Amino acid sequence: MNVHNDCRERYHKLYEKNIEKIKAKSSPYVNACREPAFEKFMQLGIPTTKNENYRYTDLSHFFNYDYKNYFLPGREDFLKAEQFRCNVPDLDTHGIILLNGFYPTLTDKLRELPGGIMVGSLNEAAKTFGDKIAQHYNRFINGDSDGLVHLNTAMAFDGIFVYVPSGVKLQKPVQVVNLVDSDNDIFNQHRNLIIVEKNADLTLIICDHTLSPQKFLTNAVTEVYVGEDSHFDIIRVQNEHNNAAKITHTFIHQEKNSTASSNNITLHGGLVRNSTHHFLGGEGAECSAYGLYLSDKFQHIDNYINVNHAFPNCRSNQLFKGVLDDMAKGVFNGRIYVMKDAQGTVAYQKNNSILLTDDAVMDTKPQLEIYADDVKCSHGATIGQLDEDALFYLQSRGIDRREAQLMLMFAFAHEVIQNINVEALRERMDSLVMQRLRGELSRCANCMVKCG
Amino acid sequence: MLIISNLKAAINEKNILKGVSLEVKAGEIHAIMGPNGSGKSTLAAVIAGRDLARITEGTVTFMGKNLLEMTPEERARQGLFLGFQYPIEIPGVSMMNFMKTAVNEQRKYKGLDPLSASDFLKIMREKKELVGIDSKLTNRSVNEGFSGGEKKKNEIFQMAMLEPKLAILDETDSGLDIDALRIVANGVNKLKTPDSSVIVITHYQRLLDFIIPDVVHVLYDGRIVRTAGKELALELEDKGYDWIRKEIETSGLS
Amino acid sequence: MENDQDKIINNVTSGEYKYGFHSDIEIDSIPKGLNEDVIRNISLRKEEPEWLLEYRLEAFRHWQTMTIPQWANLKIPDIDFQDIIYYAAPKKKQGGSQHANSIDPELKKTFEKLGIPLEEQNHLAGVAVDAVMDSVSVKTTFKEILAEEGIIFSSFSDAVKEYPDLVRRYLGTVVPHTDNFFAALNSAVFSDGSFCYIPKGVRCPMELSTYFRINAANTGQFERTLLIADEESYVSYLEGCTAPMRDENQLHAAIVEIIVENNAEVKYSTVQNWYPGDKEGKGGIFNFVTKRGLCRGENSKISWTQVETGSSITWKYPSCILKGDNSTGEFYSVAVTNNYQQADTGTKMIHIGRNTKSTIVSKGISAGHAQNSYRGLVRVLKKASGSRNFSQCDSLLLGDKCGAHTFPYIEVDNQTSIVEHEATTSKIGEDQIFYCNQRGISTEDAIGLIVNGYAREILNKLPMEFAVEAQKLLQISLEGSVG
């Protein structure tokens, strides 16, 4: 209990010390959300393992720590960002970079793409698109039991803003390269807001990288509004070093007849916690949530997923798979929540994990909470090993046992990867997964995508 | 080529093979027949190296080497092929990748360079035509969503790709209609060279109308109780296995 | 059509509680409230040894530091623990001892009405019964016959007097008094229950059973069952319970502990039919039970089967600690909730030994405004190599105002183990009902058929006499609920 209070106090001080600086450069609307959010944070605190949603994930190691926090970027940060190049072959995207939670350009903070699409800094957008911000900012989060969401609302300064107007279908994905790079241990909190209006289409790729070996903690919130008849895909590729903690909260609000998918591919990272919320807020909406976690050493990867069926005739599908080696720990916490009048719901959930050693641990908690009767819901979870019959079949064709194991693990992982609808990225992921399984990516102070 | 002598094996303490002896010479086709539960599939699995059965006694040599000491993949690379009674579905592993890996592992073992992508595709095409397998099937995951007949054809296709010295076909005819049976049998016959051998494991005589055996064995209760020419298969078809059973019981063999 | 169906559902699920009568028996009870004096008083009345009183007091002191658990998916009204009578017993007739053949005729009548004759000659062959009313055991049948085999089957109170060493050795070893709020409360105030010891190598020749009846008003029932199966032994144990219809809620907080040694097997079946409250959710029993078995020996086995149809609130997780290598745990459950009933029930399977196996099959049926949750934990520890678990949890919804929830927790710490969990939730199949209708079966009967078919797998695990009873109970519980 003491640890808990200390922790809260630490962030109270941090808030007091920095809030004026942060407020001075933020829009009034965003500033207005800060104080109530901080009050909620002070009530809830940093989640402990007593919090049911964090039962298997202990954050204290990263939150009871003094980072050199800074809330505004310096000139050298901008220079670093200029040098970064993403080199996924044939991946043609509208690229933007976020460095330590900031949009690191001095000019051109908001870019207009064909069709009136806006891409750029949220801090900047909040000043120029006040009405859009007021309509959507801080509207879709659900932080009932999670103080970290409020801590972000209270203190986040910048992040990504994407706006797709009605009827516009963006062919090329928007790619956010999310870098953490500093000579100091840092704690960064950024905030993204994505607005996809009616009958529009957007694919967003977020690549999380760490470029220097310091201790990093990120607490990021992404809010997404998906309008009627629209389509939205978010693909997050995580590739951070073992001394980094990444906590993401993604809230996807879907209107009538919209479709959305989320895909969290965690290749590497010390402590990763992704919470993804799909709110099916209109009849006929559909969503898919995918996740893949490959971990070894002392890595800890936690996927929390909450699909909320609030309206009739919506469909959802969850598929999370992982391979755990060495002393790694995996957590899956999936929830299907069907509200009272959400008749005609179809919802599926699947979590399969493979343990490669006796020291690896998998904790899984698939949940169904159903308050409507005309539903078809199911979930399944397995924890086990590779299929011996399949291994023998491959061996009987002359394939080495080790190679056969790799083929099966790759196939196991591919079931998630195949849902990435950007071909170049999908192929890149396949090859990264193969390298990862072969242990060729285990040294990862420099980024895996060999960028920069 | 293959010499099995006094092979005994047990599954969960239950003796399944109770002393099987058999010799297959280069170029020969043998048929092993027998009622359900006589140990036919166990014999095939033991030769291929599946560790479900525990070998309690006996030896198996293949091309002069002790087969029982080898891993399943070593056996395969030596030129041993098992056509599975129930081919395994492996979701997510493409047929193409599967075969390419298998062929190149074998080449590596022989000290050859891996095939180039174009050479590999060329061979795939040839073999597909040879066994008459639909080219769509090879674009899918291994056996996934294949019908019973397609799975069996796929086994023969893999046999064509790997060119084994000895192929053991475990109930390759089960679940096939007469046309599929003919296609599968034709494939086997086309692949047969003067030096290669085949063991056909089957319940029924009908496959042996298409693949003519040199020698027919009857496996009963874990032992080979009779060995003769192809006419034995016809006799069995005529009289059924009860006839053998009775003879054995009266002779006090079992 | 829709309306018709709703009506039928309503009819099917609004069946009457058959056991809701109250017997007019003179009660000897202590005043309401809970404190150390009350506990001393209970202990004194039961003529208990000092160590047991100490055990109770320690539990009570611990309980005072605890709070009611909030994690279950239940809305639990505030319970005033000072407003409950912790000891009530049918008054002994002057000059007659309670356990002699001279049982109060009114008591005998009560149990007869419940289908539990206390006279051995009238009894179902092959079932020995310990009949418990409120805080005391009133009669244990077939004691002598069982004693010939060396089997001890008696009320808990008698066991404390006759076999204090056995009781002392095992009491609280599987469910310690610190385990949870209700276990602590029970350990402090438990009144009676059954004690059973099956010696080495003995296969118990008859079914043993305990029948619990709450009769007195404002009373809580806190029974305690302790069951020990020594090496190579076998016993099948049954448990049933009912209570009168009353507008106020009554508390039931029991503990069952089972210890199973090498190669022994215990089959524990429950048909729980406490008064569920009325159609508006008024009254009914709050049923907070801690049941746990320890498979201590190699190749030991515990099989829990439960049919839960009663109680206003059910909070119950019969569990297995699979400590011995190759030990097996099973949990088969049907839980029916109707009207405003709430159930949060499931199991825990803790795999400690090697090659341990567990199977969980849970069928939830929810109707009316009821909420029905499955909550289960499968934990495989690091050393439990080669362990297996399979869980199947299905929920069936009848009507659009009820809820069905599944909360499995799976924690695996061992590479060579395989754990599989599957769950489905669905409405009763309209095409199935139609199929039955087309064959001339009414919707009401069709639902009965379908629900029984759905629960069949579990009912088949019950001993014969209970299976028939349970099947009837299912139908009654759902009477007037269908659509």
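Labels for the chains are A, B and C, by order of writing; each one numbers its residues from 1.
In this text, contacts are C-beta pairs under 8 Å (C-beta built on N, C-alpha and C of every residue); 3 or more make two chains touch, one makes a residue touch a chain.
The structure displayed is predicted, hence computed values, not measured ones.
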Chain contact topology (line, ring, star, complete or other) = line
Farthest chain relative to chain C (centres taken as mean CA coordinates) | B
Roughly how many whole angstrom separate the Cα centroids of chain B and chain C?
-> 56
Per the C-alpha means, the centres of chain A and chain B lie apart by a whole-Å value of 50
Roughly how far is chain A from chain C, going centre to centre by Cα mean, in whole Å?
-> 44
Parts of chain A lying in touch with chain C, wherever the complex brings them together = 52, 56, 340, 343, 353, 355-385
List of chain A residues in touch with chain B within their complex | 387, 389-390, 392-401, 403-404, 407-408, 410-412, 414-415
Please give the residue numbers of chain B that touch chain A in the complex, ascending.
-> 48-50, 71-73, 75-77, 81-82, 84, 87-88, 90-93, 97-99, 101-102, 105-106, 109, 141-142, 158, 162
Interface residues, chain C side, partner chain A - complex = 71, 73, 382, 385, 395, 397-400, 402-427
